[in-house]
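One chain, chain A, appears in both complexes that follow, with chain B as partner in the first and chain C in the second.
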Partner chain A sequence: MIGKSVIRKEAWDKVTGRAKYTHDYFEVGMLHAKLVTSPYAHARIREIHTEKAGSVPGVRAIVTGEGLPLTGEDLRDRPPIAFDKVRYHGEVVAVVVADTLVQAEKAANLIHVAYEPLPSVGSPREALQEGAPLIHENLANYQKGKYSYPEPGTNIAHRTKIRKGNMEKGWAESDVVIEASFAFAPSDHAALEIRCATAEIRQDGTIVIIASSQAPFMIKRLIGEYFGEDVGKVIVHTPLVGGAYGGKAPVQLELLAYLASKAVGGRKVSVWNTREQDMITSPVHIGMEATVKIGCTADGYIKAAEILFLFDGGAYSDKAIDVTRAAAVDCTGPYHIENVWCDSLCVYTNHPYASPFRSFGHCEQAFAIERTIDLLAEKLNIDKLELRMKNAIRPGHTTPTQVVLNRSNVGNLPACIARLRELIQWDEWQRIEINSRTVRAKGVSCGWKTSTIDTDASSGAILTFNPDGSVNLISGVVEIGTGTKTVLAQILSEKLKMDIDDIHVKMDIDTQTTPEHWKTVSSRGTFMAGRAVLSAADDAIRQLKAIAACVLRASAEDLEVGYGKVFLRDDPSIYVPIKDIVYGYKYPNGNAIGGQLIGRGHYILRHLTPLDKETGAGKPGPEWTVCAHAVEIEFDKRDYTYQIIKAASVIDIGKVLNRRAALGQVMGAMSMGLSFASRETFLFDRYERILNAQLRTYRPIRFGEHPEYMVEFIETPQIDAPYGARGVGEHGLIGMPAALANALSVAAEVPLNELPLFPELIWRTKEGKQYGSI
Partner chain B sequence: MIKCEILLTVNEESHSIIARQADTLLFVLRNQLGLTGAKPGCLNGDCGACTVLVDKTPIKSCMMLAIEAAEKPITTIEGLCDTPIQRAFIEQFAFQCGYCTPGFLINAYALTKQHPDADDETIQEWLESNICRCTSYQEIEQAVKSVLAKKHEND
Partner chain C sequence: MVPFDFTYHRPSSIEEAVRLFERLHKQGKTPLYYGGGTEIITLSRLNLAFADAVIDIKHIPECCVLRIEQNELTLGAALSLTSIEEANPFPLLTKTASEVADRTARNQITLGGNVCGQIFYRETVLPLLLADCHVVIAGKDGLKQRSIHEVFQQRMRLEHGEFLVQVKIDLSYVSLPHAHTKRRKQGKVGYPLVTVAAIKKDERLHVAFSGVCPFPFRSKTVEEQLNARHLPIETRISRALQYLPKPILNDTEGSVEYRLFVLMNALSDILIPLEEG
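Presenting the complex of A and B:
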């Protein structure tokens, strides 16, 4: 069962239109909310006039930001509805609740807000300049988590420091030093399912929320914490989620739905973004500016790295603090560097606020690091893969946060690089002129990632049985498209030696009855929930054996479970069917023993620690998945356009649990990385208003623009993981932006250190033009 | 607000519904007929998640008023039952979250019916109107081509 390409459990629902997502749950009598958003990026709110809107037929309430608690996961800096001032274009200033969406929209258009525009901040470097407008004047007084370090009087929400080794020694040992700077603006996840949440508050205070979310259990906790609600009375349902990629990990619309329901006496209210709001009002993919300085010996051994990441966290810190911390954790890329200095800042700007984006800070930092490695190779005149191979992280080395690596907690990067070299026929050519106009080029990159989640994040699983002996598998992992719940069924099928068709997976989440899985993020679903399922299976097996021991008059130690039976190890012809004991066993005379059998299990990651404030020392995650990537492009020297011909990834996955599902995860992530790198960005005007918040002007890769994908796996097991499997949901993305930029830099013969790689950017960089006109 | 009676024929069943003249076909299918297979993704004709067949032609139902579709045969994803393209999508792992899938399937279904000899250019021309954010599109390409190839085997 392990490794087989089992089709996903919800496959037929998804190809017949039966699969239900949050917005598909329509109810007669449900009210609809419309968000009124700010047209300014930074402005003081003078007055909000709601009278006209309030008189529109069907309008039941208008909610504004006054008197609401501040929210935010690491730092409480965000009013759920803007109060006093707005800090980004698209920020919510009012919520209109009406009988129908049409009425709510009509009323929303009649709300008049008087703004006084303020100077806006358009990039992290701008935000850090002396005299830059302060986005949060009150930063000193915000409630903050123990491991968030805002710097009041500045626009710095958080700074993670990595101090490892001795920089002076590192520079002294370096013969060659290279330094480069990088930049890209925020962009979007653009999940096809627009974010949506409904809320109702019952007479007894029970709060029922339905949300399109990666973090239903966090919604429950945060509504309890922010609004002083009894957390046991908050019930969150999450059905199938239509794509998330990190963008549905933050909690935002759920708070608005709760507030809206509260304003109408607890009636059920649906809050549903428009696509335009989903792109800018809800959290976005983080932007970044960076400067990387690397020193190495003449024969190519890296001795020192000084890294500055300035992340564009946008107007509020929320999850961005975590993202910038994760980027610092793996700041060097998968290379052995003894002397490391890194500052990773979460900087406030007047951009939409950032949330996790698949790879959680890693494709962003890898773009900076891997471009620098290429520049270094060019300067040293060393083969680019050879330079990476020489410095590849290996067991015995330490990470930037000083975790000692071993053969279990890190994958085999040298093997990935070696396989990639063959796969893309690197040694045959790296740049060829096809004709006077067309050139082909290859670019490579490497990546690594661990998870940076709460040190006490846990996962639970429950198994119940049906009268026919089949099993119901209940896990808190949200099915966001990754197929994790099907992989969990495979893990259980292997463990119970049971047909996969006899394992029924509960797809939706109900926080009242589903055991908690912290959040469905960070490529940790299979590891943590998989361990919880194995533990639940062990629990069920123990109980099955205990009752079968009575029935079969044998010691439990002599029994085995499998194939729907509990049988004697040395004589399988003596057995009792599972179906006869999972609801208690009834003897022929009517007497009964046992009762309903419920297997339960949980898993919590071991020995994780927060990072030291001054040095960054600490253990953020259990293992590092490593990967090597390549992109081959065909570039037109005359008009600067290009085609992505091939994209390759070799990933140390630990163990393949479901081959096609794993390939799908990697290829999908690669596609997203190439789309981001080649064409996705928000375009801002000089007042930091977004000009392209729709899928017509913000244009992800479409069918036919996709390259040929090549994916291979290396298998170095992580000993603690279910069957050795490492996290793999994000890793296909990590090196794509860098590999594409490396390939295009070679093709165009100019260093390309910004994203996205629009033909215009290449032209501008090549021609040295400051502005986009001839 | 003027409402009118509209006769819709969806998946070979006729329905008489009362709707605003401004209501889109997508809104009516979902909220009045409970056919939630067609998905809202942008309400702007950009993403294709709401694609249905009207008179056998793929139409973005967010861009068509319900009254425009009156008395024309409409096929939604709920009207496809165990078709080769649905099986191919499953076999080729051509979806993950499944949100774009109904639109892609309807479009690909019509493509394979109308252009059994479709070349790469035709396939792209048809399918570039839909966005998938989970897969790499390579899986969808394989699914569509496997159905086209099978059609030829049967010829």
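Presenting the complex of A and C:
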């Protein structure tokens, strides 16, 4: 069962259009909300006139920001509805609730807000300049988590410091030093399903939320914390989620739905984004500016790295603090560097606020690091894969946060690089001129990632049985399209030696009855929930054996479970069918023993620690998945246009649990990475208003525009993971932007250090012209 | 969603449509003729389009005609772009149409809607301008036929209450040597940075543009420069660029300078083979 390409359990529902998502749960009598959003990026709110809107028939309530508590996961800096001022274009200033969506929209159009525009901040570097407008004047007074370090009087929401080794020594040992700067603006996740939620407050105070979310258990907890509700009275349902990519990890619309329902006496209210709002009102893919300085010996051993990440956290810090911390944790890329200095800042700007984006800070930082590695190789005149191989992180090395690596907690990067080298025929050519205009070039990159998650994050699983002996598998992992729940079924099927069709998976989440899985983020579903399922299976097996031991009059130690039976290990012809014992065993005379069988299991991460404030030392995550990537492009030297011909990823996945599912995850991630790198960005005017918040002007990669994908796996087991499998949901993305930029820089013979790589950018860089429009 | 209420009307004759429009207007309404409706959906949600009555012209037989008769090709305004592509009566129009939006949208978008639209690319008008076609317009005084050059200046100059019924193309244009190129910011779907279409008639190049300015155009002076055959083509192109109408677009698709760079290459790519061919 392990490694088999089992078709995902929800596949038929999805391909026939029967699968239900949050917005499909309509109910008669449900009210509808429309969000009124700010046309300005930074402005004082003088007045909000709601009288006209309030007189529209069907309008039940208009909720504004006054008197609401501040929210935010690591730093409470965000009013759920803007109050006093708006800090980004698209920020919610009012929520209109009406009987129908049409009425709500009509009324929303009649709300008049008087704004007084303020000077806006358009990038992290701008935000850090002396005299830059302060986006949060009250930063000093915000309630904050123990490990968030805002710097009042500035636009810095958080700073993560990494101090490892001795920089002076590192620079002294370096013969060659290279320094370069990088930049890209925020962009979108562009999930097919826009973000949406409903809320209802019942007579007894029970709050029922349905949400398209990666973090239903966090919604429950945060509504409790922010609004002083009893956490046990908050019930969150999450059905299938139509793509999330990190954009559904933050909690935003759920709070609005709750507030809206409260304003109408608890009636059920549906809140959903239009596509335009989903792009800018809800959290976005983070932007970044960076400067990287690397020193190495003449023979190519890296001795020092000084790294400055300036993340564009946007108007509010929320999940961005975590993202910028994750980038710092793995700041060097998968290389052994003894002397490291890194400051990773979460900076406030007047852009939409940031959330995780698949790879959680890693494709962003890898773009800066892997471009610098290429520049270093060029300066040293060393083969680019050879330089990466020489410095590849290995067991025995330490990470930037000083975790000692061993054969289990890090994958085999040299094996990934070696396989990539063969796969893309690197040694045959790296740049060839096809004719006077056309050139083909290859670019490579490496990546790694651990999961910087809460040190006490846990996952639970419950198994119940049906009268025919089949099993129901209940886990808190949200099915966000990754097929994780099918992989969990495979893990269980292997463990119970049971047909996969006899394992029924509960797809939707109900926080009242589903055991908690921390959050469905960070490529941690299979690892944590997989361990919980194995633990639940062990529990069920122990109980099955205990009853069967009585029935078969044998010692439990002599029994095995499998193939729908509990049988004697040395004589399988003596057995009892599982179906005869999972609801208790009934003897022929009617006496019964045992009872309904429920397997339970859980997993909690082990030995994780927060990072030291001054040095960053600490254990942020359980393991590092490593990967190597390549992109081959064909570039037109006259037009500056290009085609992506091939894209390759070699990932040490530990163990392949479901081959096609893994390939799908990796290719999907690669596609996102290439789309982000080649064409996805928000475009801002000089007042920091977004100009392209529609899919006709913001255009992700289309079917038919894809390169040939080449994906291979290395299998170095993570000893404590289910069957040795490592996280793989994000890693295909990590090196794609860098590999594409590296290939194009080689082809165009000019360093390309910005994203996305529009032909106009290459033209401007190559021609050395400073045109301002994009 | 469309943020206003509107009434839907489905006339089955031209006269009925025109009468409807008049009546609705007299009632104080803002009626709008429409074909595919994609633009109403796209722009109304941004509050950039409004109509409280829409008149669907897809059920008027004349608007759905695709016919070749007496050396003339007639295309109804309500034909979808994909139906024109599939029938392929005018290969240059097929090429231009097939690069508008994406297949799903083109199943909806009609020829008339694209030519008369508010979104200013209106790329399918380029072959019509090049073919010196005629347009049939319905209004309260009945039908009239006009040269496209009279009616289309930057956009269709229709009188209040008028709508485009058909375009009529002289068949001799349909098989002329032609070329078309659409250059985008990135990728294979999306608005143009520049679209250029050209035909060669009696050794003269006819050239029309979209995406260069906030309107499509065919310019006499630009064509004169491009046809000054005593000069090398590069010289002609760079001279032609100086006679472009203003303003040149400077927007999220690309800067002025980059657009002109792309346009220069696009022109030499399509005109050289066309001239030599």
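The rule we apply is simple: the second predicted complex is superposed on the first by the 771 of 774 C-alpha atoms of A that agree within 3 Å, B and C clash if a C-alpha of one lies under 4 Å from a C-alpha of the other, contacts with A are read in each partner's own complex, and residues count from 1 in each chain.
Note that in this section a residue touches a chain if its C-beta (ideal position, glycine included) is under 8 Å from a C-beta of that chain, and two chains touch if they have at least 3 such contacts.
Remember, it's a predicted structure, so these values are computed and weren't measured experimentally.
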| item | value |
| --- | --- |
| Touched partner set for A:I480, first chain B, second chain C, both or neither | first |
| Touching partner for A:Y583 - first (chain B), second (chain C), both, neither | neither |
| Touching partner for A:T274 - first (chain B), second (chain C), both, neither | both |
| Touching partner for A:Y301 - first (chain B), second (chain C), both, neither | neither |
| Touching partner for A:Y21 - first (chain B), second (chain C), both, neither | first |
| Contacts of A:R764 with chain B and chain C, given as first, second, both or neither | second |
| Larger contact residue set on chain A - chain B or chain C | B |
| Which of chain B and chain C A:N692 touches, first, second, both or neither | second |
| Partner chain in contact with A:G704 - chain B first, chain C second, else both or neither | both |
| Interface residues of chain A shared between complexes with chain B and chain C | 102, 274, 694, 696, 701-702, 704-705 |
| Contacting residues of chain A [partner chain C, same complex] | 101-102, 105-106, 109, 274, 276, 638-639, 678-679, 683, 691-692, 694, 696-697, 699, 701-702, 704-705, 756, 758-760, 763-764, 769, 771-774 |
| Interface residues, chain C side, partner chain A - complex | 1, 3-5, 42, 45-47, 102, 185-191, 250-252, 254-258, 261-262, 265 |
| Residues on chain A engaged by chain B in the complex (per definition of touch) | 5, 7, 10-21, 23-24, 26, 102, 189-194, 240-245, 274-275, 480-483, 660-661, 663-665, 667-668, 670-672, 694-696, 700-706, 708-709 |
| Complex contact set, residues of chain B against chain A | 20, 30-31, 34-47, 49, 76-78, 80-81, 86, 89-91, 93, 95-102, 105, 120, 123-124, 127-128, 130-141 |
